[in-house]
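Input: structures, listed below.
Both of the next two complexes hold chain A, though its partner changes from chain B to chain C.
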Partner chain A sequence: MSATATRPAGPLSLPSHDAYLEGLTPVLTATDVSIDYLVDPPVHAVKNVSLTLHRGEILGLAGESGCGKSTLAYGLNRLLKPPADLASGAVTFHDESGTDIDVLGLSGERLRVFRWDKISMVFQGAMNSLNPVISVKRQLFDVFRTHRPDMPRKQMLAEAQELLRMVGVDPNRLDSFAHELSGGMRQRVMIAMALALRPQVMIMDEPTTALDVVVQRGILREIMRLREQFGFAVVFITHDLPLLLEISDRIAVMLQGEIVELNTAADLYERPQHEYTRRLLASFPSLTGDRGSFIRTGETGGWPDMTDTDQRARRTGSLEVKDLVKDFRVRSGMRSSKFRAVDHVSFTLEPGKTVALVGESGSGKSTVARMIAKLEKPTSGEILLDGEPSASRGVALMRYRNDVQMVFQDPFASLNPFHTVGHHLERPIKIHHRASGREGVEAEIERLLEKVNLNPPREMADRRPHELSGGQRQRVASARALAPGARFLIADEPVSMLDVSIRLGMLNMFARLQREENLGVLYITHDLATARHFSDEILVMYRGQVVERGPSDRVILDPQHEYTKTLLAAAPNPENHGRLREEVRAELARENA
Partner chain B sequence: MKYYGRRVAFYAVTLWAAVSLNFFIPRMLPGDPAQILLGKLARNGDVTPAVQKNVELILGGSHEPLWNQYWAYLDNIVHGNLGISVSKYPEPVWDLIKDALPWTLCLVGSATIIAFAIGIVGGAWIGWKRGSAWDHVIPFTAFLQSVPYFWLAILLVYFLGMKAGLAPISWGWDVQTYDHPEWTWASMVDVFQHAVLPALTIILSAVGGWLVGMRNMMVSTLAEDYIVTAEAKGLRPRRVLWVYAVRNAALPSFAGFAVALAFVVSGSLVMEQVFSYPGIGKLLITAVSNADYALMQGCSCSRRSPCSS
Partner chain C sequence: MAEHETTGEDVREAHMVTGAADTVAAAGVVVDGLPPDLPEAVGDGSLAAAVTGEPAAATQSRSRRRDLMPSWSPKLVVGLVITGLIVLFAIIVPFFTLDPNSTDYDGLLKPGEQGHLLGTSAIGNDIWAQLAHGARGSLLIGVTVGVIALIFSVIFGIFAGYLGGWADETLSLITNIMLVIPALPLTIVLAAYSSSRSMWLVAGVLGLTAWTGSAIVLRTQARSLRVRDYVLAARVAGERSRRIIAVEILPNLLPLVAAQFLFGVIFAILGEAGLSYLGLGPTDAVTWGTMLYQAQNGSALTLGAWWWFVPPGLLIALLGCGLSLVNFAIDEIINPKLRNVPKATRRVRKARKVESRAAATTEEAGA
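And then the complex of A and B:
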């Protein structure tokens, strides 16, 4: 039974979609699956979802956190734990041998044997899905021992080595432990493990989310190649729609436990039917399209009234970073060696301008931010505020912090759960003498909360962090940074932990604040597209050095440095949908010929 | 090399500090054995200077400056000479400790290991079956842990020892039958029986901590991705439990176990007093109540050295 049969009307029966389905045989069918979380009150995480996965197909499952996509995937393999409860529905696995297996009817030993042999999984936590206390080899052997008890040890070893080779990891790494492997290698090992029994279905839950774009691209390519070779079907779950558009055959968009749209990748991109799909697509700024077209879309209220900013607009000055160097001591065993995290970085922040610092994790961009915020001491180099060397202690440091403030990446960790929003703002206002008297302080808190669009401000001030969403928390964190009257804002990946649909709104808020308050903003990110749209200048960092800098459009549209080109090529781009698949197919055809 | 040098220097300083404290603290305690005895003698009549000199010589009261005494003490320690006990005159302190230490080490050491093992295995099981009736074991053991040590011991003596007569209630062996424990089957059984109640006290009061720690670590470990992966891999539940969950969850407990082992010798004081067990704790109590400096110093040294290593 296919999804089209249960839902004859609506976007699911587009002619092109029907044409796509012709000639395909189903491998996994979910019918009317509902999953509840039995808490008080019960949460209906998945509502009557019907979905068919076909042999050899990559089916993308897109949606934001909490939409039920992971819950659905866990349900397909019966991995749900209380309080999650599969309330109703049926899941059928159509085996190669022709027998149909009722997955929900399996239990005990029969379920255990079914898992991994027919459906294997790759989880999001590349870092955490390997057992830290036993070697990669033993974890691979565990799979063989339980499912292929007759396999001789020699063959197990040969198979394990072959698996690692297939995913592009040196077979000598078999004896390694998880902590000895890089993030990308761990995820490759996980994929090797998932392949071990040649399953017919692989469920991948955000398998590349924690990885850098270049590594991510490598892994995706590997998945595509292996899929071509072994013909397994993939359910690929992610919030990253551009990525899905590039690799999937079909995409299902989930919203609040329901699939609101299901279509081939090309059609979903060209002719999105559902309002939510359109909004999701619009949340990803294009790398190559019109610059600025995305600004203004997310924030409510459009551009603010600019009349009261005259006095702030006259602000001048600069924050200059000169030849900043940071060395860290790395201890390995009994020896310690130096590691240069930041290598002679220089740039200038000016009021009213946004500079983006772009790079992968470990490139040193966060260290730069921490040094500017005076949380880390530079090994050498200077930070000049208005041409004066900045202080590192005492009253002078306090004055420096009046002017330079930071917004951190993790809105959940950067607010103290014990204190109200009002308290978080009151402290900097008092410490930096921004207002006096109870009423003065309260008025200032209200002004700040209005500024970051937290309405109604009075009510918001009394809430505690756990009562706020991630986006609201990040707004509080921004208000807190503005509270001392900062002229320069250091924003370290301010939106990377937020849901995609609110990211643009958040960035638009930063853009608005920057205009209203005439701020100088350092926007640190790994996302080239938003860097392009929201900054005037881009600096690309690689291994501690700035390898390329220039006006944002020039850097993105006409990159000079090899590394910038690599980064750009690896970034998912919805306009390239289907390209990766064609590339891989061509590559394999060449190899076979 | 630099690393080991630093560690050795650290331990040397720690040992010196411990040894010095052993010397000074008893001398700050009120009461001087020679003065006490002289006071008693004075009540019965005059004390001649000769008697006074003799008493002071025997009981170690010294008019030497404290500094000189300290040097003499350090010199003796280096040469393994801990002095002569006053309360059990003329036994050398070293011999007394040599007799008492094995009792404590065997009893408290094995009780600690048993408590740890029960805690790890039980905690792993309760954590694995979280939400089941097994969870109710936890508050009960926590209660046992919060009961004062000596009170628990007295309860055991009364109910298991005296009422039920399940086990002997004092001493390390049957002193009426044997002068010393012997290497005979009957004597070893006898020694074992005498150890049952003291060991049970220690196990009951220690197991709760291990149990609760292990259970909580199990619960948080079971939420880890590699556990879900192991289950998705279709491994047998037994293997997931022992190789994937317990091995990771037990790591903090093992760190705590190392610390607990260091306290084996020092944790025995109250228990040995209640059961009149011939261990190092009882020896120390004897020494303190008789102001026997040499014995006190000797006991404290042997109690502190495992802690500082």
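And then the complex of A and C:
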């Protein structure tokens, strides 16, 4: 274990990897690139990284937040902003014409001409990378105007229309502005813009992270298709390893500024060499494999036992949601129209049982959560606690809050930066009279912190949120939800903002709390795999309606509704490595014939 | 069983954060008896930490309270020194001066003549005395207006922003009406009714018209804080609105409120000077504004009596400058990007220079 862990250079000379490299010509070579952040003390974000990108390949850069993958990509394209500084190394671009360009030696006008023309970039947030006050057309024209000043206007228009057609956007949308496009369309426009000058390398920084799986699948297909047509090489940066395993040719795994493993995707999946790669692979539960297995077959982990039935029988009480409806008024000018966010949703939460509510963004799942947490008033329908209608004000509401609590999505936003951990827990304890006296409250705080594994509790209680990691914050948030002695917990995407490697740990904690405290948990997520492994029942929401419900294994392994099938087909699956490419090739062949 | 469950999560984040382990082997020790391939053995502080043993995120030891304090930038220091000196001047010096309203002295004495430090006015006031007492008057008006504006803007801004709905509509309507009432004409109208205007009247009028801008800024901020998860979490926990505003929202608005207060003070001192210059200033007190008014009336400019109007004018400009600098420093807390960009650019430029110099020396050595 330790031998492979300390020898990151080993995999570079694997026979299968060497075989893969045969017949490929390099397009971009980085040698010993080091990038520092000149803060105090300096941070070495990228340490002596050497990497060769070949013509037409998709090279995945995987790693967790802060591992330096984006910094490296920005460095390759000379887009680093202070305090980042490319301290040493060389980056060479091998042009189609046969000339080599020293990328780091470029400056001023020559750099500007080089940049979008040879290496273009697709940025993470399409929302922020499109100019909101300029139409799509003008932004595409800008690219042509700066790089192809001789191009006549008519041709620019024709090119722009062609580009949009290529990325699957109606050319009539040229006059649209960013806010008039959906997230997926915006990202497609970004790709069109990056493609405008037919670059030989495209760097994609988390191009699909903010998108729903179905939209993401469409974009990936588009990228694969365009790559087949134009033969550009792609550096694909993401933390989503299953996605990379499925679509990329080679994968470089980065850890703290170094590439610890570089191999073909298939090999990396079958035979991971480095300890870190193995652990990373083991952080993703398998969607369709055995219950409790990870994406890499044959390995199972310490999953919570969800079949502990006799304990369940002892519990009583229920939180029942009946025909819940929520309409939002959408005002456009003088007219206002209704938008139905939640449409007759009913389900029952029981102690000791986890119900997963899955769906894409905008499906209404968070609105359901907010209504149950009494942050939003339902338009119609009832929420029954132990069979009694729940109140929306006064003492009765307080009693309801005593039983029903919520954990929010973003641990960085759900704790007040101004207050200590202790303060966050002390309030609900006092409000709901869980303990009396200064010592009683302090003991209770300690008990709660121990419960969520924040040790040592006494020290933790004095900390402020910015001194905690994301996972620790989410633990504090969970402790706060437990503080009133809640019986039902609404967890709204509790792990989606955390690094992949700690997600499972956090979910296991919820599973343990659920059992220890007899909690009924509503787990809201867009991640089908964890929904399957951590819940008893899955409800699939689509446009405000529950389109499918059933025991979690049944819903995932044998989906009935069309939408559930689409959702499952869109989820990245390493087992399908290379399939997308074949599909796209077949499609192109058919079109050409 | 229970033991196994606990391993299911983390156990080790405390170690991670304190950076107990240094090597992969050491990380193995930290995992301590857990099956190494257990995925949940991966603790918090990210997987990277688990493998390398280095802490994933360096913890900052500085407390939040200290983060809220402005860092000692040159801007802040210069601003505080200027403001502090003027405040000290206003507090201490008036005790040792002649009577500012006395006209017993010879008119238009040059600075230094007959023991008058800054000379005298045309009607025989001691300018030094007037300047010192004027500093008191101007600052008093400034602070009073600042406080009035602060109270109004907090009430109208934060309450409107947090409560939303009808309360917001009503409070915003009042704010908007007050926003369009201009201070100068209002004071002129009020001046026409009362022949003698006390300092407090002038301060009150300025205060009533000074709070609206801040209220709108605070309302917007409060509206965005209101839907922050931690405010929602406080609601779910069962906190009352009053407490949420006072304990959850207000502390996070403090830098903004402080900046708005300083802005209010600057506005008031300049506004008072403007009003006084038009002859609508307080009739019962000396301020820098009334000094300028008298200088204008006594045609100081044509007489060449610079010592009459330059000192009050200069001090108004200096105080405005000092308070603005403090305000900029506060701005940098609210928006740390403002603070870091110039510093970062300088650092990279310096590194570049060092590099090129090193390259030059190696070249020379090679030659």
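By definition in this document, the second predicted complex is superposed on the first by the 561 of 593 C-alpha atoms of A that agree within 3 Å, B and C clash if a C-alpha of one lies under 4 Å from a C-alpha of the other, contacts with A are read in each partner's own complex, and residues count from 1 in each chain.
The rule is short, and it goes like this: contacts are C-beta pairs under 8 Å (C-beta built on N, C-alpha and C of every residue); 3 or more make two chains touch, one makes a residue touch a chain.
Computed from a predicted model, the values in this text were never measured in an experiment.
A.B. asks: What does the overlay on chain A give for chain B and chain C, a clash or a fit?
C.D. replies: Partners clash after overlay.
A.B. asks: Using the superposition on chain A described above, determine whether A:S390 touches chain B (first), chain C (second), both, or neither.
C.D. replies: In the superposition, A:S390 contacts neither chain B nor chain C.
A.B. asks: Regarding the shared-chain residue A:L130, is it in contact with chain B (first), chain C (second), both, or neither?
C.D. replies: first
A.B. asks: Once the shared chain is lined up, is A:H147 touching chain B (first), chain C (second), both, or neither of them?
C.D. replies: After superposing on A, A:H147 lies in contact with chain B but is clear of chain C.
A.B. asks: One more residue to check, A:A511. First (chain B), second (chain C), both or neither?
C.D. replies: A:A511: touches chain C, not chain B.
A.B. asks: If you stack the two complexes on chain A, which partner ends up touching A:R401: first (chain B), second (chain C), both, or neither?
C.D. replies: The second partner, chain C, only.
A.B. asks: Which partner does A:N77 reach: the first (chain B), the second (chain C), both, or neither?
C.D. replies: The first partner, chain B, only.
A.B. asks: For A:V113, is the partner it touches chain B (first), chain C (second), both, or none of the two (neither)?
C.D. replies: The answer is first: A:V113 touches chain B but not chain C.
A.B. asks: Between chain B and chain C, which one contacts more residues of chain A in the superposed model?
C.D. replies: Chain A has more residues touched by C than by the other partner.
A.B. asks: Clash-wise, after the superposition, say which stretch of chain C runs into chain B: 166-174, 274-282 or 346-354.
C.D. replies: 274-282
A.B. asks: Mind sorting out which residues of chain A both chain B and chain C touch, each in its own complex?
C.D. replies: In chain A, positions 82 sit in both the chain B and chain C interfaces.
A.B. asks: Tell me, which parts of chain A touch chain C in their complex?
C.D. replies: Within the complex, chain A contacts chain C at residues 1-2, 5-6, 38-39, 63-67, 81-85, 87, 255-256, 275-276, 278-280, 282-283, 294, 299, 301-302, 304, 373-375, 397-398, 401-402, 405-406, 408-410, 413-419, 427-428, 431-432, 453-456, 464, 466-467, 469, 471-472, 475, 477, 480, 483-484, 499-502, 504-506, 508-509, 511-512, 515.
A.B. asks: Where on chain B does chain A make contact in their complex?
C.D. replies: Listed in rising order, the residues are 2-3, 131, 224-226, 228-237, 239, 243-244, 247-248, 251.
A.B. asks: Per the contact definition, I'd like the list of chain C residues that touch chain A in the complex.
C.D. replies: That would be residues 4-11, 13-14, 16-17, 24-25, 28, 36-40, 42-48, 50-52, 54, 56-57, 59-61, 63-64, 67, 228-239, 247-248, 251-252, 340-341, 343-345, 347-348, 351-352 of chain C.
A.B. asks: Which part of chain A faces chain B closely enough to touch in the complex?
C.D. replies: 77, 79, 82, 112-117, 120-121, 123-125, 128-134, 142-143, 146-147, 190, 193, 334
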